[in-house]
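You will see two complexes here that share chain A, one where it goes with chain B and one where it goes with chain C.
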Partner chain A sequence: MSKVTLIAKSIFRYKSLLVGTIIIVFFFFMSVYAVVLMPYSEAVKRWNSLDYWEDNPKLASPSWINLLLNRKLPETLILDSKYLGTKVRQEIPFDGGVYIRVEIHFNYEYDDFPSEIILRLYMHNVTRTAITTLTWVKPDGTELIVDESSMVGGYRYYSISADRQFQARYTKYITEKLKGRPTYDISPEIALFAKEVSGLLNPETKEVLKGRYRVILIVKSPESSADVDVKLNIYGKVFGLAGTDHKRRDLWLAIVWGTPIALAFGVIASVVTVFLEMIIAALGAWYSGFVDYLTQRINDIMLVLPFLPILVMVSYFYRLTIWTLLGIVVVLSIFGSGVKVYRAMFLQIKEMPYIEAAKVYGASSFRIVFRYMIPKVFPTAIPAIVLSVPTYVFLEASLAILGVGDPTAITWGRVLEEAFSGGAVYRGYFHWILEPATCLVLMTLGFALIGFTLDKIFNPKLREL
Partner chain B sequence: MEVSNTFSEKVGKDSTAELLMVKELRVWYPIRKFFSVVGHVKAVDGVSFTAKRGEVIAIVGESGCGKTTLAKAIMKLVPVTGGSILFEGIDITKASKHVIRTWYSRNVGLIQQDPYGAMPSFMNVKTILEEPLKIHHIEKNERERKIYEMLTEVGLTPPEDYVGKYPHMLSGGQLQRVAIARALVLNPKLVLADEPVSMLDASLRVEILTLFKELQEKYGLAVIYITHDFATAKYFSDRVIVMYAGQFVEVGNAKEVIKKPLHPYTEALINVIPDPDPKNRFVIRKTLSGEPPNLIKPPPGCRLAPRCPYVMEKCKIKEPPNIAVNELRLVKCWLYES
Partner chain C sequence: MHLKRSSVIKVGRYVGVRAVTVAVAIVISVYLTIIIANAGGYVDEIIISELRFNIYESVRANPMYKGYPPEEIRRIAEERIELEIKKMGLDQHFMIRSFNYLYDALTLNLGRAMKIFSSSGSNRVWDIIGERLPTTVLLFTTANILIFLCELFIGLTLSRRYGSKLDKLAVSLAPLSSMPGWFYGIFMIIIFASWLGILPYGGLVDAPPPEEPLLYALSVLEHMILPLLSWAVAYIPIGVYRMRTFFLMFSMEDYVDYAKARGVPPKVVERRYILRPVLPPVITDFVLVLISSWMGAIVTERVFNWPGVGTLMAEAIAINDAPVIIGAVAIFAYLLGISVVVLDMIYAIVDPRIRVGE
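Let's turn to the complex of A and B:
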């Protein structure tokens, strides 16, 4: 009880500790949320799958960006004829076969053009070639024939955005209609959603035509049993809480599941490292002689060995998972300056009268090391543990950027690495970089605030005057 | 507390035997240069004495005379170079680590000089007192009872108020009481008190010593009381051993030694006791000049010879033997050669 109140008091007394605690508690609940949301294996499976994300826009900003802008960026519209629209079948007399007319309506009230338009056609019960015609009707009544083609087989993936033929036809059409050449390439998604006025000729003045759109697909199949389904994906420019990356993946998943991984990696690495450092130093100091000589010489060697090249080398020879990476990081960092610092402390502690007293009443060496010597340095070790957590979180991120580590793991570092190689900064996809980076910085800040304050509390010599 | 202690029962049945016999004990600290030993600091150089059950022996001497090293040797804290220490007839310098840890450590207690350093700062009073009991596998209920009993004995009452306290919450006097409780918690037969009150306030010294004396009498403890202060030695002990430069120079009954010191060094030590009598304010006291000898290379004859006011030619050449003045009195000085 008194301990709890003491902790609570110091939290409120030191504002930095309060802020740090709030940040870390936030990340802790984020981790709990991640685990509740889905198990890690499921998250990894989803993250590394392509199909799972096919209905998401590429490189979309987070949705809340709309709250900050005075323009409304489009959301993604998934229009599936299975669930909406009308379908009319008409048997073709004499020749046999069937006409199928699928019509889909949707409202488009956004201030920007969609990022991409993809049409998927699913034909059922066909063996022979069918002829499809896709007509786009704008709210003002303008009809555009987007595509006329024959289709063999049951499935067709048609990226309207990538249709150069349509683009060329439209450019010609608009040149005639507006009596002027456009000064830029009008991409299909602009063509299909633009107001066909003279402003369209200039990229700065083009405007979205808001209102009710109709998409009409007519399929003529020689087989009367034929049936068709259409899925039209009009990808927007915003998505979800965190936006998406170049593989259409929802970055929210990476942010959420990156939290427990970063926390676990940092906390396990720092706790295990500091404790092993203490144990090695304490054993060396206590037994002195050969044990001390051996551990100190190993330590000296490890001190001069370069950390990063060894890690890179190991990662080239073995396929690392994030946990084997953790193991290697711990093994490489237990011998280091920490052992020297703790050994110096233990050499002092070893000669303290209370150790002598313990020897007199029969404490074994093991007991003296673990029960009498190591607890004595806890006050200095606890802030050190807390302060080294972010070091390891950052290390993981920097290793990911160097391409060392687990390629399947969901970590903030990997997201950053992909954003970096995807050119997120100069292409303007700031959310892709800022989200993982902010998480990293916040976590570092949280641990640093707590660590420095704990240092002040445990080691009063540093306390401000 | 009746602790079954079969080993000590076996060896210690003979209660008439001396509890502790130290024979020709030598503790030399080697001086290493590079990889070879170039000499020794002869901190304790050939001392012998015996302690009976329930006897209080004070070892008096100035700083650096080897009294703490002697205590440490008896406590097995420093390696012994030569001689033997017999405790209940067992030579503990040759005994196995197991015997020392399980049997000897149970029969000796240590009270240190610095009560603050003597307590692990991260343990509370209960844990501090429980540790020796735990190490000697005493069961939980018994441990609890013993801790409360000891705290009451040393005057930390009510014990409930103290068990949860950490050393920094207690005063020096209270800590020294805890230290006494810790030394006595295993019911030892011998307690070494290494300047137990020298770091306490003058007002507390008598209080702590009175308490210790009471407990000593109650439990019939043999005590080796190490001090540089004749005043407390006189108050506290049956016998006094005066130590100089690693050797005993005078042994005798406490009161007699103080009343009539024989050895020039003892005389000098007693002369420097502050005297509150105003009649003596103009008396110039005889004090020794010079410094104690270098223990790496002590003088060939009597170790006090370079400083002694009564020095003779003989003293500088030949080491004096222990001369028995009467049955209880030994002096290491050529002056008493009859």
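Let's turn to the complex of A and C:
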């Protein structure tokens, strides 16, 4: 029975092999999806760009979290006056100026407050100062004047969330209205969306006021040609399939494109390493004498080389890309315990009759080593190859955690590192750290299940135990 | 155990050969470090900045130049620096100098850090590393010894109950070891620190550190639980699997059957006929695990914010302090080498083939 049919039959006989194969096939299709979605260069450009992601919320959980919770977390609302809302222009008769009133309506039916509110103002055809007033009308009719300011130039970025003045004014207003001081800092997001009842004074009992909100912007400009557009971003707390990170990036992109990178890195590193180990071992065993002695001694030395510190240092000094890193990893790991194991096997094979026969018919050393000896041992190495794939994927992640990973590459390790140093663990952004971690776990599980089962099949002496 | 003189010599010779190999490995890794670092010009930079520092200090502190204008002092210092660079041979070819650097690094004369200071205020790399070394050694020696003992004990227990449900469970847990210890560390922090809130996130002691030595030790122990636990989950399953296989292989030997047939008590059979011969391969195996775990130590420290050499290395990377990085690599080469030689000594004592000679 050929090895291929043996594997095919084993897949259905051993459940662990089946599960492992399903996982790896899943990741394979994910890689195909990544390539179809967008080319790698485009993904890298997008991932490292800042403005591409500006309409995403920061540190949002995945949207499906709403299915698990009994309250509904807000999605992001992007309200652009170009596409919705009403705009009324009114010429001011005496000065020749213009009075523009932009009104935006939206429904807010979520159970939690938004994460951030940002207003962008675009003025057209102006050279002189305009006066803007932003009024917020809650569903119950409460009117809050958020901001009154003069505006020079065509563009204003106004983070309502960061407006300390409004926050102070609101705290004063609510203290008077409810006849009691709030026990915490009422942030603008809470101020603009809360029910103004006594529960608001306590962080535990504050509630969202659901319903139809109106945002009114009034602009007074001395130039009658003036026009205004508003974009109001009410950032939610959930986003997409995978949520976002601290730079508002959609983690789904990193999860998807991290898959082919991890697979390619791990598989190439482990296959090439095992092949080179085998070639070194076979050459040592075949030529014996000095070659053997030399490879053996180099092997002894390389075994006690501090592999990771050296790798860290190399990537620190030369700022390696992930593919040069791959090359260096292979070079540093070709000598190791593997060479010892394969050498022992090759020493036995060397004495086998079919090698004797090959020598007799005059096969060259090259032919004997590469056509007769290595193919004989290769099948027994397959479990080792499969099992060491996750090791290399984790090696990349280790380097990322230490801050020497490829700074432009999109890898699970880098997301993990950013999540970790961004305090995802301490501040409770678990999706950020658990998504790359789960991918790593699943991929490792897949390869480990396949590897351990193949080991049982190919090295039957273990099966007896 | 009583050793004959000839066996002492044999053991000595074996350990000597291994020690030489390890020493060569250390020299090579340090030399490699220097070559790699110098290709970016970093070693020269370190040496020259050290030189400038010393000369400026000595000129400034010299009472002879007291009262000279600052430009004059700078000129004198620069002149001396020129001379000193010539004297030290920094204008020589790199291949010659690299051996001087090698000597310096091997004698742990590691120069001065660029930005990091030790808590005593020194910026000598050796002072900085020396301060962090004990914490690294504390955590990872404890971890390795605990893991080794657990593996031995569980492996032996399982081999006695070969084929039982417990045995099958342990075998099916082996794939857990495909993931490194630091990775489990992240999960441990999420579960025990973020979620349950019963153990600290990381660090060495509580802040502020307790005054009383006993409380201090307890606090350190508390901080060690999570790193130890994550290493245990990562490294014990595969170790148990391998130990159990070793024990099973050795308990199937003919001499074991013969001993049983002779009526040797089971306890004695286990101790003398199974445990003793199984030790050499077990130790070899442990050396390999130890090597890979030392490497993982750097990342584990970073994850748990454990103030050891690994965290120092990560900090040095973050703020671009090349001398500290090079020093840390040299120290790791030594740590790894020393632990391998120590295990080789134990191996030589345990393995009768070395004592008797083949």
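Assume the second predicted complex is superposed on the first by the 455 of 465 C-alpha atoms of A that agree within 3 Å, B and C clash if a C-alpha of one lies under 4 Å from a C-alpha of the other, contacts with A are read in each partner's own complex, and residues count from 1 in each chain.
Criterion: a contact is a pair of C-beta atoms (placed from the backbone, for glycine too) under 8 Å apart; a residue touches a chain by one contact, two chains touch by 3 or more.
Keep in mind that what you see is a predicted model, and the values were worked out from it rather than measured.
Undergrad: Touching A:Val152 in the superposition: chain B (first), chain C (second), both, neither?
TA: neither
Undergrad: Looking at the overlay, what does A:Met352 touch: chain B (first), chain C (second), both, or neither?
TA: A:Met352 contacts chain B only, not chain C.
Undergrad: After superposition on the shared chain, which partner residues are touched by A:Ile78: those of chain B (first), chain C (second), both, or neither?
TA: After superposing on A, A:Ile78 lies clear of both chain B and chain C.
Undergrad: In the overlay, answer first, second, both or neither for which of chain B and chain C A:Val25 touches.
TA: neither
Undergrad: Which partner does A:Ala162 reach: the first (chain B), the second (chain C), both, or neither?
TA: Neither: A:Ala162 stays clear of chain B and chain C.
Undergrad: Once the structures are superposed on A, label A:Pro375 by its partner contacts, choosing first (chain B), second (chain C), both or neither.
TA: first
Undergrad: Decide which partner touches more residues of chain A, taking chain B and chain C as the two options.
TA: The partner with more contacted residues on chain A is C.
Undergrad: Looking at the overlay, does A:Tyr361 come into contact with chain B only (first), chain C only (second), both, or neither?
TA: first
Undergrad: Determine, under the contact definition given at the top, whether A:Leu37 touches first (chain B), second (chain C), both, or neither.
TA: Touch partners of A:Leu37: none, neither chain B nor chain C.
Undergrad: Which residues, counting only chain A, touch chain B once they are in their complex?
TA: For this pair, the touching residues of chain A are 352-354, 356-364, 367, 371-372, 375-376, 378.
Undergrad: In their complex, what parts of chain A are in touch with chain C?
TA: My answer: residues 297, 300-310, 312-314, 316-318, 337, 387, 390-391, 394, 397-398, 401-404, 416, 420, 425-426, 428, 430, 433-434, 437, 440-441, 444-445, 447-449, 451-452, 462, 465.
Undergrad: Would you tell me which residues of chain C are touching chain A in their complex?
TA: It is residues 21-22, 24-26, 28-29, 32-33, 36-37, 39-40, 42, 162, 174-175, 178-180, 182-183, 186-187, 189-190, 193-194, 201, 245, 248-249, 288, 291, 294-296, 298-299, 302-303, 313-314, 317-318, 322, 325-326, 328-329, 332-333, 335-337, 340 of chain C that touch chain A.
Undergrad: Where on chain B is chain A touching in the complex?
TA: 72, 75-77, 100-102, 105-106, 108-110, 112-114, 117-122, 131-132, 135-136, 179, 182, 186
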